[in-house]
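Next come two complexes built around chain A: one with chain B, the other with chain C.
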Partner chain A sequence: MQREGSPFTGLGPVFIKELSDHLTSIRMLVLTLFVIVFGAFPVASSLQTLRTVVGADAYLYLRIFTIEPEQVPISFITALNFIIPLMAIGLGFDSVNSEFNRRTLSRVLSQPIYRDALLLGKFLGGLMTLAVGLLALWLIVFGAGLLLLGIPPRGVEVARAFGFLLVAIAYGGVWLSISMLFSVIFRSTATSALCALGMWLFFFILWPMIANAIVLGFAPREITSVDQYVGIQEFAIAIQRLSPGTLFSEALLGLLNPETRTLGFMLPTQMRGAIPNAPLPLDQSLLLIWPQVTGLIAGMIVVFAAAYVVFQREEVRA
Partner chain B sequence: MADNVIEARGLLKVYGATRAVDAIDIDIRRGEIFGLLGPNGAGKTTTILMMLGLTETSGGKVSVLGFDPVRQPLQVKRRVGYLPDAVGFYDHMTARENLTYTARLLAIPRREATGRIMEAMKSVALDDVIDKRVSTYSRGMRQRLGIAEIVMKRAEVAILDEPTSGLDPHATFELLEMIRGLKRAGVAVLLSSHLLDRVQSVCDRVALFNKGKIALMGTVVELANQVLGAGHPLLVEASGIDVATALRGIEGVQQVVSAGEGGWRVVADRDVRATVAQRIVSSGGALTKLSDLQPSLEEVYTHYFEGERRAA
Partner chain C sequence: MRRTIVLLALIATPVLTAVQVLAADPPKPPAAAPTASAAPALHGLWLLTDYPSQTVRPGEVATIRFKLQNSGLAPETLAVSVDGVPAGWKIDVMGNGQPIAAAMAPINESVSLQLRVEVPKDAKPGSQNIVVHAKGSTQSIDLPMTLTIGKEVPAKLAIKTQLPSLIGTPKSSFDYTLSVTNDSGKEMTVALAAQSPGNFQTTFTEGYGTNEISSLPIDAGASKDIKVKVKPPAEVKAGDYPVLVKVSAEGATAEQKVTLQISGQGQLTLTSKDSRLSGEAQVGKTSEYTLIVSNDGTAAIDNVEMSGSVPADWKVEFNPKTLQNVAPNEKKEVKVSVTPSEKAIAGDYVASFRAGGRGDSKAADFRITVTTSTLWGIVGIGIIAIALLVLLGAVARFGRR
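Moving on to the complex of A and B:
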């Protein structure tokens, strides 16, 4: 049956309300503190390390993001790989079920809007909040770089770093839609938070092990040819890539380490003729990470669609 | 039919094997207060949600102000105000902010909204606390804020689900006054409740729900006649004589039963008060009370469901 009226009626007000709710909430303050503490530490240490290194590096600014300083064994992007999901879960885990529990859902839905607008407005509000937070963090990193390194970044560095920002937002979007999916499924906010966090731990800790076990299970006992070996390796990588964290770190590797030529498995014969450590131009790097970025965005849309379907079927009565 | 704001024909809602709402027909007329009564789980809320397009119908037709809630929910929701059972507002926002959000969802221009919100808050006597956070509001104040939302919306139909549940008598009284105010403003009101005596005082017509069906529908007097039998029930209190014997043989008296503590319930097919008084006094009894019993909805309700239980 065809329903009348645009599904986006009322999207604007919902978006603005969600955004202002997020930005003024104490939770946002806590999350910001969290990000600053976790992000500032690796950045400060990598800047420290970079200052002591003498020598020309064409991509000095990108190194702030990627190098693993001696004092702290994690780089800024590793830290982000970890923090962004937490931020996104923090913003999304109670977005729909809290409306249920506050008994505001049926009242809001009795206004002339579709559920589509409510869910999408909430998602976009969360994504925008995430984007604002990441942009602030990004600017802080650049500002700290300017102050401590004393040289301005080159255009291509800014462009690559900006690409990093967009990928980070898409990655946050995946986790935001995952946490919103749980907030639609479970009426209890605690259960939904627990499930989202469980998912996060699963992908970070268990998934690499499970992927390994799957590959071992499928691998033949004896590897007899190069093709077979390559096949197994590629299978292993493919399974790893089901985790959004893998896609994120691969995309960042291609963007922030311009020397990266491939994100998959490569045989030495394929390297023949390549100049070692020669950076790729930006467009080639973008081509390289395009599947990863597409994967992240597709994942975000698929999970959001799932949340949408569940939400449409939900009864509004408490 | 121009004077019906809501028309439902064979409205059906099936959850699995149970029929929550079983093919009901309802007409709500413009400017009346209509009460949906019945025990919990009888299908009142489901009926309301279907009228608002908040839950899908399993069959039948419903039309609200000429629109189909299934296909044109936005048109319906623009014109109908809904106060859910135990309505919730955003606690961290003030009443004004809450209503402003609703006004934005309704796409009311900002300048107009400010005036309408103030006006609505005045009509429910909350204008002095308009800038307080809703978390400081009592339950009664929240319900009133819900009414204010409907007033601000300038709804043509107001649907109130258990508006008085959980309120103290004073707050209930105030809220019912506001519901009458809605009616005076020309709004058709559909309310569901189990507080029967309160409902009786505001409703023009009622429908009695039972297991997803409408068992009875009409004005309170009509229902009383249907369930309790036609006639004039009287309450007689007298001492010194046996009232039942004394009243035997009066023309028109159908039934005399003891109502306990010296009181008797007399049912007659006409007004027999004068004759009853005469007979009691002439037989030497002291008449202490003689009153016309208004048929109460409570009585209708109890009687009806007792009959149902006995039949089952």
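Moving on to the complex of A and C:
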């Protein structure tokens, strides 16, 4: 059964329609408010703390993102780690099954639009909405920094912060594709929302404990050599990295803390002769976080592919 | 209250007297014995001076010491006067710095007196006789003296040292102790000077003092120690350098030659070819840097051995490992290859290189930026490509018409 024409015919209209639907919806307004409140609070507090810092810091702007202010024990990136999945799930949990429930899906597909284009258009529309929201937040942070710190950021700081924005969008994409997968699988929007949120809670609350338990189960009774110890530590980190949140926070650590030399386990002997607090050049930092970024992007694509396969096999005439 | 004080006084008085008696008594017998045995008691009153005939100079003030000696006589007031003062001269009798008219000598003791003789400028050469009288109620004594108008003794200085030649390196400082003697008849202020080869620094200090001086006063006939510190310039070549120390005062000069024997010293410097002390290295790969070993000193350095300390599990090799000889002002290249450990983490590290030879050694810290291979970046792109292929495969497999 060979089909004719590109599978992406009609991608444009779907993308535009989806984007305009999202941007005009009350839900988007609520999510934006949510993100701004969650993001603005740590940023305002960290700016307050940074204004009292006297010493020269080559990466002052990046500290807005990373420092934990004294008043609130949460940094901007910790807040984002938590809030981006919620935003993505909010945008994607009913993208397909609501059309189904409103019985508009067969009407859309009767147009010269392939299912491929519909799903991809919906995904890209959601991702674009997410990107717009994050970009707005990012600009707010930079603007507040300019206003309250009174110094312009350096080029390398802007480059690193821009990298942070891209990583954040990729992280949002992972959760968007996960929520779309559930919206494809379940006909009920409530069920798909519940499953997506459950997944989110699972990775945030349960996964660290489960990972610990797994490591304890695999660890030998007695650790006899350094190699064994290193092996266990690396295994523990690898298991933690199955959670997209871990990948996201590690990538941000490498990007926004230029002094980060490694994200894995490190023996003290490897630090011998190292100059402490010497920042890595940008390309080395990018190489350092590249596996994490790869994991996020590849994960996003694979989950989307799964949603695609499920969607293609579904009966849409109901 | 008063009664207790009186009581205390009563008790104290006998005690104190007893102590005084005890303290005063013992020295007496030994003191009395020599006087008794030394000479038959010579009783009398004398006017004494060391040099009854002296030289004075026109236009100057001379001070002549004399004394009034009393042996075994009862003290008596003696009027002191001078007779025979030549016209235009002024002679005063002084005691304790003040003009006096009378003196009194205790038993067996003497009183020091001076004659202050002001000689007029136009005094003619020749001798003048004066007589000093001491006249009391019972006795009168005389002291005749002769004052000769003399010519001035020419100023004369002498300088000598015990250690005229010292050995050292350009870095050391050479200290010579010199003793300057004033062989003239009066106090002089002696100016100090030193003639040294160019760029040598000379400073004078007095004896053990720390203040730098340019001149110092020396009493007639006395000598003083001065110290000359000579500091050669750092780049001075090996050899003997003479320094002439000159002292002068009122036309008199004296000089002493001291010698610095400077032996050469090598001085190593270690830097890289473009003076940049940083470099890059990739994990597990050997990087080569060129170091420059040079000798800025004045003597050759033998057997310069290269060594380096690097972080754990790193490798460092020098080519050549040993430099046989580095002559002054010579630069030699040494290639150093550094291999970061396979497990090294990206970032900046310190590697310390060291050149050590006979006589001097130098170390240089090198900052090495370790970069990781971009291989894993390519692998990451490959993984994303595989994910996209999976998606395309799904599209091809499940795509509907």
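Here is the rule we use: the second predicted complex is superposed on the first by the 318 of 318 C-alpha atoms of A that agree within 3 Å, B and C clash if a C-alpha of one lies under 4 Å from a C-alpha of the other, contacts with A are read in each partner's own complex, and residues count from 1 in each chain.
The rule we apply is simple: a contact is a pair of C-beta atoms (placed from the backbone, for glycine too) under 8 Å apart; a residue touches a chain by one contact, two chains touch by 3 or more.
All values reported here derive from a predicted model rather than from experimental measurement.
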Note to self: Output check: A:Ala161 vs chain B and chain C. Expected answer is one of first, second, both, neither. What do you get?
What the structure shows: neither
Note to self: Is A:Met266 touching anything from chain B or chain C once the two structures are fitted on A? First, second, both or neither.
What the structure shows: second
Next item on the list: Considering only the touch criterion stated at the top, classify A:Pro112 as touching first (chain B), second (chain C), both, or neither.
Entry: first
Notebook entry, point to check: Can A:Arg103 be said to touch chain B (first), chain C (second), both, or neither?
Noted result: first
Checklist line | Most chain A residues touched (candidates chain B, chain C) | finding: C
Checklist line | First, second, both or neither for A:Glu315, with chain B first and chain C second | finding: first
Margin query: Under the stated touch criterion, which partner chain does A:Pro13 make contact with: chain B (first), chain C (second), both, or neither?
Written below: first
Check: chain A residues touched by both chain B and chain C?
Finding: 1, 3-4, 114
Next item on the list: Can you check the complex and tell me which residues of chain B touch chain A?
Entry: 45-46, 49, 52, 54-55, 70-75, 77-78, 80-92, 101-102, 104-107, 146, 149
Note to self: Under the definition above, what is the set of chain C residues touching chain A in their complex?
What the structure shows: 310-314, 341, 343-351, 367, 369, 371-372, 374, 376-377, 380-381, 383-384, 386-388, 390-391, 394-395, 398-401
Checklist line | Interface residues, chain A side, partner chain B - complex | finding: 1-5, 9-10, 12-14, 16-17, 21, 102-104, 106-114, 315-318
Margin query: Help me check something: in the complex, which residues belonging to chain A touch chain C?
Written below: 1, 3-4, 7, 114-116, 261-262, 266, 269-275, 278, 280-281, 283-284, 286-288, 290-291, 293-294, 297-298, 301-302, 304-305, 308-309, 312-313
